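For reference, the structures are reproduced in the following blocks.
First chain A sits with chain B, and in the next complex the same chain sits with chain C.
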Partner chain A sequence: MNVSNFTAESPDPALENHQPLGGAIVTKPFMILGLFVLIGGYFILRRFLFGMGDVSHMSNGFPIGTWVVLDVVIGTAFGCGGFAMALLVYILNRNVYHPLIRPALLGGVFGYTLAGLAVMIDLGRYWNAFNLLLPWYAQINSVIFEVALCVMAYVTVLWIEFWPAFLERMPPAFKKRFNLHKMQIFLRRYMYVFIALGVLLPTMHQSSLGSVLLIMGSKLSPLWYTTWLPLLFLISALAMGYGVVMLESTLVQRAFKLPSEAALLIRLSRVGAGLLTLFLVVRIGDLLARGQLGLAFAFDRYSILFLIETTLFAAPILVFASKRRCANSRLRFLATISLLAAGSLYRMNGYLLAINPGNGWTYFPSAPELLITVGVVCLEIMLYLIFIKTLPVLPGRIAEVAGRPS
Partner chain B sequence: MDLERRQFLRGAAGAIATTAAAVAAPVNEAAAFGPREPKTLPPKAVGMLYDSTLCVGCKACVTACKQANGKPPEQPEALAAWNQGTWDTAEDISGKTLNVIRVYQDGNMSQKDREQDGYAFVKRHCLHCVDPSCISVCPVSAMQKDPVTGIVTHNPDACIGCRYCVYGCPFNVPQYQFDEPFGQIAKCQFCNHLQAEGKLPACCDVCPTGASLFGLVEELQAEAERRLAQKPGAPYEFPRGKLGGDRPGHEAPVGEYQPHVYGEKESGGTQVRYLTGVPHEKLGLPELPDHAYSAVSEGMQHTLYKGMIAPLALLGGLVVLARRNAKAYHDEDPTQTDDEEGTR
Partner chain C sequence: MGFVNNTDSASDPVQNPDNYTGALGGLTRREFLKYCTGVAATLGLSSWMGLRIAEAATAPRRPPVIWLSAQECTGCTESLLRAYHPTLETLILDMISLDYHEALCAGAGHQAEAHKAKSMKENWGKFVLVVDGSIPTKDGGVYCMVAGRPILQVVQEAAEGAAAIIAIGSCASWGGMPSSDPNPTEAKSVQEVLPGKTIINIPGCPPNPYNFLSTVLHLLTLGKPPELDIHNRPKFAYGRLIHENCERRPHFDAGRFAMEYGDFGHRLGWCLYKLGCKGPETHANCPTIGFGDVGESNWPIGIGHPCFGCTEKGIGFTKPLHALAEVKTFSPPNAFPVVDSPKGEGVTPAAAAIVAGLAGLGLGAGAMALRGMKDEGEANHADNPPGQS
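Right, the complex of A and B next:
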């Protein structure tokens, strides 16, 4: 595949033509996802009726469980596709990647919105959640306060950024009646403000998700506890953002037999390789500077987690940095999976697996607790499928979609 | 073409410069990062001296605490067979138990306050840190430290139940009621309501041996140092209830203390002091540095978000770049020209 076909100066207009995918919404995979959503819904109901202890294994030693770590800390990193692509396209002016923006944005919309839903399930006193917005309760030294407000603001920005997709799809008569074309013009004219916010806000809260752990001190293994946590969380969130875009593009292209975006993805993977290298340089450099690298080879629980995590971070670099290996779509796909697994494991280690609250506390999630997390993720995928089928999200040239499998 | 190319290159150069600045700023700041100034003990800080060698494990303090704070007895499932709701058998502090006496056991447990072949008691409750993590992490100011007495209180009407106070407390003190549909955070508030009436905290009030002793933190520190200076086994008049109060004390031999007043410097200092015969880490009192982790965390936030200057500067750069790049792009976009007139 000749990469130089795509140049920044002249984006291929055909690729820019976002179109709804069309096709049946209620398909077999959709029903299976729906089943998991129902199961999750049942346990969510139980959580609200009987308390969190009824469905979850969280304890006062491990008060943060999979709902926060999988759905919020890892889930929002998976939702960083929109952030990562906006940075590349609108800030670094790499227009060539423009076709990837809207699907990435949609992934962000659901990743973040459903992280918000998961938080509402997880909050022990959810009826007080509004206090976060009341200035007289604000506690500005709190990292969580920054994360909460920033994520709320970003969810709003994501929906605004995505709103043109709705407007484009609305019937002209409807738009006329509610004067929506004015809104369309307004959004188009000032979208750059929301784009800028859409880069700033994730920079802030993704790094803050690292700062959250600074309070853990000696409860967190020194292999993870460092004042560089915010930078490491930011870099890995960006890398995961590009990873998610590559994964989503590959999966959607295969499932719906769309034209391949391989040339773009190969280019994008080089950005990923750069970020992963930067991450490892900071990570290992920090361990050396603090003189804690020896712990990595103690071959205890933390050392093994660290070694697995670091291998997962390093492996994709070998693929992404090599033109030959990267051209192999299977290798590239595996490398993408490895990148996402690395970022996820880094977050899980920092928040759960490398934590020792002492006093013999241990944590492993219960089945209902995990099924709630699974239900939330399935809901996310269902909504994504509905949206790409009914709204102009994916690039055009999909006239030949008839007879696709799902 | 040539012009476009030049334009692009100029744009790219600008973009790279801004990104470099955006990345460099936090990196520089993080490199120059230091923890925030440590906090100091409030003027009339009250606290408790717990002397493990005086404690006889009667658990009168646990019962009194439950009565004073309206908490139910607790029966862990493992003990339910012989405990038919008559005994309070809390194993640790929990959503229903604000303080508890735990026991250390080793070998044949033949002697009290000895590490090997011995046993020892320890009391668990809030240490009312000088620089508390729970206050630092709480997003809605539900945790408060009294500016005069230094007591750390919790306001359930503010609390959203995020449980970061539970997560972040170095002593694992705040406890969320996981088995309640409308659970709240439970923690020792040093019987704030009783102190307002001029009474003692329930646990210190009922302690028969003075193992839990109420007083001003600085006086308690002096008392702890006095006990450490005594010869083990020498007779000593131990005050009960309140240090400097009018209650009669009782005479007992001085214990064989570990030469360390736990709680004085741990985690930036606390308002509770522990004297123990067994090393504190064996009693579940963790080894902690002299600084509070809240100072590290807040130092980071105050560096990155000082006056919101860095975020606003970054936003400014992003707006300028996004405006130019989005505009350049949309001007040549054939699909987006339908009703856009007069935007320039």
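Right, the complex of A and C next:
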């Protein structure tokens, strides 16, 4: 990279390893994903032409449906990879993990950007959304307002953090024409500001996603309702961030036959084990302190959901904490899946499954509603594939052209 | 004063009228400033305006006010005398120099008329003219004579020398009750008999005293009337429909109406729209300011009587009491949701199929990923750890 000539500071050696994967973009899996994106797009169009009632089962009893829960609450937790890795690498100075940062950041970019898209689909009066940015309308006591502003700011920060990957790929003539070298130098010099913001902002809105549930009161089962919800959401988001980095690394490495990052992942999994343990200590401790642990063994719907969720949280600890089990890539993969499933189920329980608004309200997402969510997720994967193939994100190049994306 | 050593009686304004607080007519300085700030808040001005109001109100040369009464019931004066935060009569009589008022004059007959003439002559071009009651114009205005002259002439004459003219009450503002059909005296509003003059209208039957007081204080403080609407009513008081701030509005929106006096809904305080409440077409601040200084909900609708639209020409004393108001904001929907409307929708076969498909896909993909995985983690370990070299 000739960019290093333009700055007095020595470039991060780890950055030099990032290369575009290359290979064909339009592959068979890519086209299948595209088909789902088209189906989702069709229903999104219907939602904007005929209104929410046309595609969604959301109601006054369940105003928060699949779009918010899957695409925003769970989607942004999956997007926490960038946040979790930045915390580890830049704040705790564990520089060995640096190769994992860019892919994690890219996951965050799409996780959050498309969460924003999902919110715009979900907002009944989306045309009023710009009022969020007008300070004289700000309702500073609103948790949702904090989430909205914070997520918007974080999406911007994520794109800025990822921007060097674009700059590295731009033709030198183009960069010269628009004087982009200056921008590159500026970004390199002041990136620490955006990295700091990129660590600060998720702690704010990921905990706020838990605070949102505080107004649910008795609508939310006491197994989930606690004043510790913000902390629990923050810890689980961090754990899911590391989980997603591990999953993504494993899958991409297998699909594109890249050099293995297993050594890093094993070290990383220990961080995950610590976070999961902390989560369970707070979770169970809180239940004990509130005297609600008995509900966990009532074996009704909520109790069963709680037991499944807690098992999924506890199982990965057994794998991650043991060096021998962790070295087994199958077990590690299963544990990662379990971690992500646990975090997702915790969010889904809090926002949907353990909610009883009373008066006989019921909710199950409609088929178009689900297809919109599927479309958004497929779009996310498609964009991720395009980006890693054309931009310097991953370490190493593709081994064979006909890759098998997971 | 013989009690200067005694701090208690020295600070007592009643016993010591010459000290600073005594000059404020029994108010402590703090109470007085609180009052002025309160008035500023009523006017929608910032709190520091309270100080300027206080300065204006305690100016040694108080602005003279001539109050003329035409075809009226003295309700406006009665209402004004019942402004209580704090002792209003002290403040209003000390703040302005009320040089002529038929009901409140200390003098009577020729003495009062002579005082009025003297004051008007001395303060020509400077005094504030307040008129309550409508002006009869039929037969040269002979249906309302004061001191042997038609009030029409008296008002027109006084208006020539007035710095500002305030029409208080519905009668003075737009004709009010005397101008209702068949209007035997051809009663008209002050505006109609003084064409070309700017009149500040404070309609209401009676108007809220604080709307009048706030307007007067605005005039005294800033030397100009507050912002007025197209009917020359101060916008701070008449800028919004009663309907917009009504405490029963949620009942209107939810379709809960009292259907007759004393019925179930009426006793529960439901919306009075169907009893003929004119709140949806009447501009006034009654719901937010209340009457009589006794707290919230003390106003016609608050105690269960429909608004009859006194501040609005063509509605009060004109529209039948039980005629439905024309809703100026949003009309109620033709149909409200039924009580047994569906409470959400359950699982559809298509949705179930999609969820099952996704679950299957996830399991399949997981299994596929597991199948090709190396059993030995050590093998992975041996691979080159990236980013280290």
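The working rule: the second predicted complex is superposed on the first by the 380 of 406 C-alpha atoms of A that agree within 3 Å, B and C clash if a C-alpha of one lies under 4 Å from a C-alpha of the other, contacts with A are read in each partner's own complex, and residues count from 1 in each chain.
By our rule, a contact is a pair of C-beta atoms (placed from the backbone, for glycine too) under 8 Å apart; a residue touches a chain by one contact, two chains touch by 3 or more.
In this text the structure is predicted, and so the values were computed from the model without any measurement.
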- request: Specify the outcome, clash or fit, for chain B and chain C once both structures are aligned onto chain A.
  value: clash
- prompt: For A:S322, is the partner it touches chain B (first), chain C (second), both, or none of the two (neither)?
  reply: neither
- request: Check the residue A:N359 against both partner chains and state whether it touches chain B (first), chain C (second), both, or neither.
  value: both
Query: Just chain B (first), just chain C (second), both, or neither: which does A:T311 touch?
result: neither
Between chain B and chain C, more extensive residue contact with chain A: B
Query: Touch check for A:H98: first (chain B), second (chain C), both, or neither?
result: both
Task: State whether A:M191 touches chain B only (first), chain C only (second), both chains, or neither.
output: first
Message: Contacts for A:P395 in the overlay, against chain B (first) and chain C (second): which applies, first, second, both or neither?
response: second
- prompt: Which holds for A:S59: it touches chain B only (first), chain C only (second), both, or neither?
  reply: both
- prompt: Can A:V199 be said to touch chain B (first), chain C (second), both, or neither?
  reply: first
- prompt: Once the shared chain is lined up, is A:F145 touching chain B (first), chain C (second), both, or neither of them?
  reply: first
- prompt: Pick from 134-142, 260-268 or 368-376: which stretch of chain C gets in the way of chain B?
  reply: 260-268
Common interface residues of chain A - those touching chain B in one complex and chain C in the other: 17, 59, 61, 98, 359, 361
Query: Can you list the residues on chain A that touch chain C in the complex?
result: 14, 17, 57, 59, 61-62, 96, 98-99, 250-251, 254, 259-264, 266, 326-330, 332-334, 337, 359-367, 369-371, 374, 395-396, 406
Message: Looking at the complex, which residues from chain A come into contact with chain B?
response: 8-9, 11, 13, 16-17, 48-54, 56, 58-61, 63-64, 86, 89-93, 95, 98, 122-126, 128-129, 131-132, 137-139, 141-146, 148, 181, 184-185, 188-189, 191-193, 195-197, 199-200, 203-204, 207, 211-212, 214-219, 227-228, 230-231, 357-359, 361
Query: Tell me, which parts of chain B touch chain A in their complex?
result: 1, 4-5, 8, 11-12, 15-16, 18-19, 22, 26-27, 30, 33, 92, 94-95, 133, 135-142, 156-164, 166-168, 170, 172, 174-185, 284, 286-289, 293-294, 296-298, 300-302, 304-305, 311, 314-315, 318-319, 321-323, 325-330, 333-336, 339-340, 343
Field: Contact footprint of chain A on chain C as seen in their complex
entry: 342-348, 350-351, 353-355, 358, 365-366, 369-370, 372-378, 380-381, 383-388
